[in-house]
């Protein structure tokens, strides 16, 4: 537990420096060219270096740093163990790459505000990754919701952009409230918020424990963009810029979401088998649903966003298996996915910048005009589909081994089907965008500027480096993280290239996907229509139509439910309004009219009343009372 | 008969007898005489009371606190009315000389009534008072006021019958009228019948609910300052004072439970009927009439507890009610003078044209409803405490709930009369003359000061019982 | 006993007739008859002073005033026009009540004397009674007189002004 | 020091009546004096807050029958006084511009300062009767303020407000008298740790619920939206409705021992109120009514914190009061600017104002986020610890009620923000509000953000106050 100061303020750098410089950038005026970009890249680089040193420094015992924060007991406690250091490394890496990439993205709104948000998101992500106290983690985690909202909002005009922004904000906001309640319950059960102390006596799924776990799961899944809560990502893809898509939905969200899923499922809780099945089921469903939707998309970024959702399914499946190989696969897939998905979104940004459109039916034959982008696309597409030498194959292999080890072969087949369809959709995408005939208006498209090319190349390089037996990432990142998660690995061979039965299945997958693509191409004649034979298949046609109208979208369903619920509540409110306002005043008015009508009687009647009352009083007083 | 206080009833009587001898054209002189007599009365009464309020130690205090307090209220209201009416109807010269003399006679009758030590003199002066007020009601000779006067006469004459019958039975039973010598040792049947006759008679005079048929018409119909005078002090001294006196006598002997049940029920009835009936009234004065019925009900409720705190609360509320009811009626008189009508449906948005009237009416209004720092709140609180301590928790809660109705009909009045957009036919109305406003403002100040300096006022009230 | 009953009967009939009679003059006469009956009753109950005052003031003075006022008023208003038959029910009720009361009430009041602790023998002579014990009543009398004068002055001056 | 307590109460109350006199001299002198009085009260309170933890600072005027006028300084009341005087000060500054083009302004300033004074009196008074007195005075001041526009509808609504609050107050008075009769004294410090039965507690609760607009009496608050928006922000958001929470915190938090079922009843009622108000806010189309409904739902969160019986939740509720006053105050003031510029309160007719009124939009967004409880803003910590209280009641119904309440809050606030600022642009978009108005709104919004980031200081103050005053063990037998 080395808490000497100079190491501890290493922790502060990735959190405070971006936070302060974000406000600095706000002061710089819009007109200065490149000053803002340079500053933000410099800061990102600084944090990246800090994260590397932290990664090296973290030995057996994690680095602790605590600041008094809330009242007498709650400290803002940071704890850097291997997993957090690994995550911090990933976050800073992608922040640097995106700040470089974002220089020449056009439709990112005022660049001043974009970089302000970029830095704030970076500091928030770093904060939530490093913090050990659940409240502090929630503090950083939830503050990202606002930035999501503003990112999408500033990246375009018109009704659809604002609708998407609102949708993102609401889905993330409400799931964060659920997560808050989860954390409160965890705090209530184990009356401490420090993850490290909770992990010593793990929580079990009983009574409040289950509710807490479900709530935390909702938070993690929404951030990761898994099945029920994924619908904001495609909408965001349509309406926001590539830099944002490459940064948040592709990298940061996945990293944080899966990190937190790993923390709660393995570090804080010891889950029982039923929850294991549920997790794996969610993973599998996410894979299938998202990839089916991805297959039929005709917009470049929307297709990629659906793939992002489907890849998350693999990670959840991996971690859901709860056995070391599966978890290792999940974590490894997390970093791989971040790298190739971000690279793919960058290629889409480059294509969009050069050709001005995202619709793949209008694109074609760009390979010769944009060679570097095309090559990067091919490398990334190959790794996402799990082609052998690239990193995707190895992490998927681990996930497959985990699912097989857990005994649920059904999920294994679902995963395999998922990777077939992934390969098919990328073949369709690649073929229609980079190969085939090039429309006239795109004849003179040039290659994307260097600021875009460099990050793409770097990411493609990572895909390759992390491939080929994957012993560097596994030994450097995955094994230490597993140890810090408290998972005992034993002597299973994680890394390494094994040509066993899985490799053969992989080959079969490739063949099926290629034949399906050729059939689709032959049938429709156009590259971008190659998935129509699936799109218009008898049963699928209706489900696709319903999906487009938003029947499965949790946002639309809940909007309808809440509107109905609010209607009832409004009626209750009107009832109470009548109860305390209309009814009493009506009664008083009626009573008062009766009394004043009694009043206007003539003398004789009043005289008679007076004598009557006198008589009654005397009888009441004398007669009855006296005897 | 407290000899030192007798001058307070003789001087106005004497002044009243002088006034007819002044020739008719010297109207000013009659007004001056009337005002001077009442002013002198107030000054030295005021001096006596305020001296003790400021000094705040009562070791050397000898005279009867209750009577001095009542005298002070009578003179205060009398002064306000005479000063108000000198400037009220300047152009239409009603037969002002007899008007002022009648007021002076009624003031002297009330003073002697308050100072009387036995039932018979009480009865005489009550009769004199009702005769004077009968005449005063008709003083603006509108057909409606004459009809009101006759209604007043017809509906209160059973009271005199009952009271004289009760007194005579008491005479038979105890052989004397004198308050001090009557010993209510045992509650035999005859005392019981006679006392209930007397109390019923005075209830009719006070206009409490089962017998309240004359109050609204009289207050609405009569000449405006006179309705203020009637509501302010006449029905109180004529009706409630005697009941409080009897309650004082009986309480020292510690019985009279069935009498208290009668009074409690009547008080409760009049509080609620008055408050509810007032919410829908069209005419401002009629609404104030109902409000005064309900406030009278509060006084009866307080008196009915037969406990020392109850009596103090009753007297305190009597005096408070005298002050804010006079203010409210004089306000309605000012409104009537400026706009010519007190029908609330025609009136609207007078707030900016008549700021003083509106603000004094708000002070009086909220004191009636029992807004805390004002005097009304303290007296109402004492009433509630008295009721609660004597075990009648239901009546205490009901009394408090009724104050919500009080606030209801007053906010309705404020909404109709003072708020809203001024209709064009009232465009040229001006605030009432400053002379008309002086009595109203002075009494509002009294309301505020009794409220805020309650800690000085209360010890004085504790002297009533000794 | 019959004597008392007779006087009661006269008083009740006179009162009813005073209310019901058409002409004002008759009602004034009936009122006088009523006061005379009451004074006789008071004599019978050995209350001489009260009886004398009753006889002289009510029977004498007031009746004279009434009759002179009625005669001054023009005679066309003599017969009141409104139908009086509807209101005969009240006096009849009164008469019925009086008859019933006269049967039940006397024994009720018979034991009244046991309460009475006032024996008429030792009361002081009337002179110092009025002056010594009831001194304050003088002020009462003056106030009442003043009040009645001003009432008449207040109401009736208006009458004359309206006419001319 | 006890003189300063008296001054903190008397200066605004007496000052209020000098304002018409200043108005005789000149209009701006009146405005200046109003700001000066408000500022001096705020300074007094800050000074008092400094040594709020000293004991025995009392100012006593003896009254008969045990109704002595006692002003006592304790951390809870100092906190409350400072919060409300700060917000009132900002509102007075804001209304210098806002009220300038309406008539009967003098009465407006008098009543605002009078309201502030009676609020101080209520907060510091240590005698139930005098607490009731200032409670009624605030009711009177709110009647005059809500009825500021002298139209028929406004006055009817003002009457409704004063009648509902007066009715609640009368019930409370019955409760107080019941305590006076049973315990023999009405002085709060003498009543410490006394056991009171269910009936007087519920009666006082009715008074509190009528003032803080909780369910049975809640509908006067949206109706009072007819008042000028400075008044609604002063009354609804920051001060008037907080009186109920303060009295609940003081009486049922630190003084009386109440039966367990009583606190549970409070939780259930406030839970349902949160839902009803949230639902109504989602349906309503009048901007001010929505914000008023949102105040009702947020107040039930505060009551959750106060009534849940855990120390941290109590401190969280205090923080929540602070953050909500600031945020809701600035929300109403933004609504005021928008209403003044677009001359309409109906949100369906608005839209796309973010382009033409960026600063107001920013302020609105920041305060809305704080009310929703998003982290960098102060609201988050209040909501977090209030939920801790909900969970600690170990009752699933309460937690579900408030969970849905929190979701509804997020829904209706984002709907409101979307409809006003982000909707489809309308042709002639008004320019930004006047500088003082926008400045004060931005100040409040950023204050919420800064307090969120530097949460340690307010939270420490709140937890120490709870430590010293809160009888936590008592509520859970």
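A few comments on the model shown:
To keep things simple, chains are lettered A, B, C and D as they appear, and every chain counts its residues starting from 1.
Convention: contacts are C-beta pairs under 8 Å (C-beta built on N, C-alpha and C of every residue); 3 or more make two chains touch, one makes a residue touch a chain.
Model, not experiment: these values are computed from the prediction.
Of all the chains shown, the one with its CA centroid nearest the global CA centroid is D.
One finds 78 Å separating the Cα centroids of subunit A and subunit B.
Chain centres here are Cα averages; for subunit A and subunit C they lie 105 Å apart.
Centroids built from CA atoms put subunit C at 32 Å from subunit B. Per-chain Cα centroids separate subunit B from subunit D by 42 Å. The set of subunit B residues touching two or more other chains comprises 408.
Shown for subunit C are the residues in touch with two or more other chains, of which there are none. Chain contacts in this assembly follow no simple pattern; the graph is neither a line, a ring, a star nor complete.
Chain pairs that touch one another are A-B, A-D, B-C, B-D. If you check the complex, the residues on subunit A that touch subunit D are 68-72, 135, 138-143, 145-146, 153, 159, 162, 165-166, 169-170, 173-174, 176-178, 180-181, 184-185, 187-188, 208, 562-563, 565-570, 572-573, 576-577, 579-581. Across the interface of their complex, subunit A is touched by residues 160, 164, 215-220, 223, 275-280, 282-284, 293, 312, 315, 369, 372-376, 380-381, 383-384, 387-388, 390-392, 399, 403, 406-408, 410-411, 414, 418, 422, 424, 455-456, 459-460, 463 of subunit D. Interface residues of subunit B, counted against subunit D in their complex, comprise 349, 351-352, 366, 369, 371-373, 377, 381-382, 384-385, 388-389, 396-397, 400-401, 403-404, 407-408, 411-412, 414-415, 419-421, 454-455, 458-459. Against subunit B, the residues of subunit D that register as touching in their complex are 61-65, 104, 129, 132-134, 136-137, 140, 143, 147, 150-152, 155-156, 159, 162-163, 166-167, 170, 173-174, 177, 180-181. Subunit C contributes residues 112, 115-118, 134-137, 139-140, 142-144, 146-148, 150-151, 153-155, 157-158 to its touches with subunit B in the complex.
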